[in-house]
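Pasting in a structure now, in structure tokens, and then I'll have a few things to ask.
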Amino acid sequence: MESTSRTFEDNARKALIDADLRRALTKLGHGFPVKRRMAVERLPEFEGLRDAARAIKEDVLENLDFYLERFEERVVEQGGQVHWCVDAAEANQAVLAICQEAGARTVTKSKSMIGEEIAINEHLEANGITPVETDLGEYIIQLRGEPPSHIIAPAIHLSMDQVTETFRQCHDGLAADRELSEPRDLLEEARAILRQKFLAADVGITGANMLIAETGSVAVVTNEGNADLTMTLPRVHVVIASLEKVVPTLEDATTILRVLARSATGQETSVYTTFASGPRRPGDSDGPEEFHVVLLDNGRGAMLGGDFHDVLRCIRCGACLNHCPVYGTIGGHAYGWVYSGPIGAVLSPGLIGLEEAGHLPNASTLCGKCEEVCPMRIPLPKMLRHWRTRQFDRDLVPPASRAALKGWAFLAKRPALYRAATGLAMRLLGALGRRRGAFRRMPLAGGWTAARDLPAPEGATFMAQWSRRKGARP
Amino acid sequence: MAGQSPHVGLFVTCLVDLMRPSVGFAAVKLLQAAGCAVTVPAAQTCCGQPAYNSGDDEDARAIARRVIAAFEGFDYVVAPSGSCAGTIKVHYPRLFAGDTDMAKRAEDLARRTHELTSFLNDVLQVTDSKAEYRAKVTYHDTCSGLRELAVKTAPRALLGGVKGVELAESGGAETCCGFGGTFCVKYPDISGHMVDAKADDVIASGADVLLGGDLGCLLNIAGRLKRRGAAVGVRHVAEVLAGMTGGPAIGEGEG
Amino acid sequence: MTTGRETILGNIRKSLNRGPLSAERAAGPEHRLKAAKPNLVPARGAVEGAERVALFIAEAEKVDTTVSRVAAAAEVPGVVAAYLAAHDLPTALKAAPDPALADIPWSRQSTLAVRQGGPEGGDEVGVTGALAGIAETGTLMLVSGPHSPTTLNFLPDTHIAVLTTGAIDGTYEEAWARLRAAGSEGPEGAFMPRTVNLITGPSRTADIEQTLLLGAHGPRRLLIVIIDDQGP
């Protein structure tokens, strides 16, 4: 998809006056985080599991080539195929080639962030193949031509009325006066339509929550069961996954699963966790005849061992979004690309360029809540700072901000000068503001005073008063 | 050190120095009452966080070098701010990760540095307070203090010793107020919404006064409460602990 | 020409500052794969006997699964018929051709019409076995095979799974051990069936205004019938 991250500020402003979005975000804030906390409180080992999960991924990253090769061996032994793709274009081409080989006209898809990252739907459509998203939320936003606004709840920004309107517009051949006033009505309609799509699809494309090196299995987690119908009914199953999704064993996958759902939705576990290993076997009465894993690098290999190494542990649970006060204020679309929230602010600059996504690492208070809840203990604030450093070093900071910062730093490095300048300024401001105690407006501080008063300084600085009283140590 | 009064270097912090010096004096009073000898090195300005958080590592390092030099030799370094103490304690060592000598000095400073309430409660284990403050208060856990330094129970324990204080916890005590240093001026619309939500939460607690340990957040929240005309005072927790609440609350006038 | 595979592995090795793992250095990860050792396992599942069954039932019920417990396979048809009647559901069942279900005397319940096989269009109630139950989260482990078509777990509106108390494990790790033991002798990994489904409750979604609804794409309801094979 085309990024709109450059216009982040405008996007955010629009989000702030979108009443439906505001309602949805308020509900989100009272939903997932509360459920997560309850799930965590029920499991005394949760913190230990986070450490274990982190350790598993660190072992994986250290031996990534080994585990990927082993994964591929197992897939091939079971009659499947692994397609190694360096970038999005190669991955798109690989998926298209498989679909074309299969003579596919429609493909069903279960939710995949990698699918969003490489924009596989656009590529298939451009080549005459119709992709149908089957996760309910993903289906709704596909009908509306929107990107997901949340990693695990892609249509979280929409109200029921908006969904109703979309279904009335897009679902042809149904009675115009049909009842669509309850979420249940909408679900039933989507279920009936998508059931037919599942049965008719030539190829099913799923993402992967994990790839198991030990068994050559692909682990896919859903609550709806859509991934299972996607991978079991069509003749061909294509998995698109990025390479850091590999884990060594089923036991390791289990450890990660134990923190995944609890962190994401606060469920003890998701309804369906499926381990798919290769195509249909002798005697099987169902299952795909072909099994392909499209393995995407897209810059990830190069991140190993560098400033952004830790982000490769991400399991896409969405906890950082659910708990981020900035995401909770503006929602996902404002971020302007596939990944939103703290994880998006870390991933996007690497994937679409720091020039394009430069706002995102800055649009954070660095409050640290994301790191606090991240099941994989990814130090997201530290990585946001890494991007800021690169921006500063590459001169991508607006000249006015840079000049202000440099001017301040010049003073901050010269205590005597700093003291003279600030002492005078504070005495002046203190005198001006003493009576009311705060300023409603202040030159050069319009950003601050737009929403709040600026409390006035007391007057003489601490250092001035202190040196008068005590005589300071030099 | 047993039997001897610990020598504390006070890191005043730039916001306390400029905006609310009384917090600095409250800190001095508390430290002295706890038996510390307090020195305020004159060579301090700011911890450098604005540069550090803006990606200007070079200036951040230059400022950090000065802070490290200015605070060498004290038994402890104490700041009435979780944010500045966090910068020194957590981030200085990172800034000098590639420079063994400086890293060692940064680590040494980090080890000696504490946020004020945490120092009083956890290190000095101060229990008695002579202060009295008759008010229903709510406490805002400032992000850096809470998440970088685990300051959570210390201010509450200390407030528990202040006669007359009734603590009314708010549901969103741990939620960021939207200050975020330069964030609030870079993204004023988003920050404005965040601080408004914080104001809602503070008001809903039913408290007369909001307390916290970081002046940046307190200026932000006080500014929003004042703009909304809310009758909730805002003070740094040190003022209450030191019994120095005679002057106007943050953002309130004398007239 | 360099293949994508070589490029990607090369990128990884470059970042890690090394070439392909030497046999010596590969020993660690190699062992990890062979040993497949449990990591930290929550104590919740470390219960035995009746307590374990009770935990399985309690956890399953928390996620909207209905659980019935019977003393013998002979009682299954009655329980199933009663469940279907209570929910006003059709009485035509499609049962997996699973030997584990062979002991169930369906014919004793004249109201039920039971056919064996994989699902065809229009099957509304599916009956399957399960390799294991996992008490920790009230989860079923189902495996694919000639006698257990995967689609039967997903297409019918109502899924009925039958398992014995002896098939209930405390933890996932125990269920994996059971699966490994059930698998054929062969190279590591070869025990793995084409599909392993871990199922915890009926299908659901909260994608419309975060309202939880059951029956998104998979079954709308899940009945687990537990046959007591441990005796009193």
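Per-chain residue numbering starts at 1, and chain names A, B and C are given in the order in which the chains are listed.
The criterion applied here is as follows: a residue touches a chain if its C-beta (ideal position, glycine included) is under 8 Å from a C-beta of that chain, and two chains touch if they have at least 3 such contacts.
Small disclaimer: the values here were computed from a predicted structure and weren't measured.
Asks: What is the shortest path, in steps, from subunit B to subunit C when you may only step between chains that touch?
Replies: The distance in steps between these two chains is 2.
Asks: What chain lies farthest away from subunit B once each centre is taken as the mean of the Cα atoms?
Replies: Measuring from the centre of subunit B, the most distant chain centre belongs to C.
Asks: If you average the C-alpha positions per chain, which one ends up nearest the average over all of them?
Replies: A
Asks: Using CA atom averages as chain centres, what separation in Å is found between subunit B and subunit C?
Replies: Each chain reduced to its C-alpha mean, subunit B and subunit C end up 53 Å apart.
Asks: So what's the Cα centroid distance for subunit A and subunit B, whole Å?
Replies: Comparing mean C-alpha positions, subunit B is 32 Å from subunit A.
Asks: Distance-wise, how many Å sit between the C-alpha centres of subunit A and subunit C, to the nearest whole number?
Replies: Using C-alpha averages as centres, the distance is 29 Å.
Asks: Which of the residues in subunit B end up touching subunit A in this complex?
Replies: 12, 14, 16-22, 24-25, 39-46, 48, 50-57, 59, 62-63, 66, 94, 143-144, 146-148, 174-176, 178-197, 219-220, 222-224, 226-227, 247-248, 250-255
Asks: Contact residues on subunit C for subunit A in the complex?
Replies: Touching subunit A: residues 3-5, 7-9, 11-17, 20-21, 26, 28-29, 32-33, 36-40, 42-44, 59, 62-63, 117-118, 121, 137, 139, 144-146, 149-151, 153-155, 172-173, 176, 187-190, 192-211, 213, 215-219 of subunit C.
Asks: Report the residues of subunit A in contact with subunit C in the complex, numbered from low to high.
Replies: Those in contact with subunit C are residues 24, 27-28, 31, 43-45, 48-49, 51-52, 56, 59, 62-70, 74, 77-78, 83-86, 90, 134-137, 140, 153-156, 158-160, 163, 183-184, 186-187, 191, 194-195, 198-199, 213-217, 223-226, 228-229, 232-233, 243, 248-252, 254-255, 257-258, 265, 267-281, 283-287, 295, 297, 301-306.
Asks: Using the touch definition from the top, list the residues of subunit A that touch subunit B in their complex.
Replies: Residues in contact with subunit B: 9, 12-13, 16, 325-326, 329-330, 362-369, 371-372, 382, 385, 387-393, 397, 401, 405-406, 408-409, 411-413, 415, 418-419, 422, 425-426, 433-438, 440, 445-448, 450-458, 460-463, 465-467, 470, 472-474.
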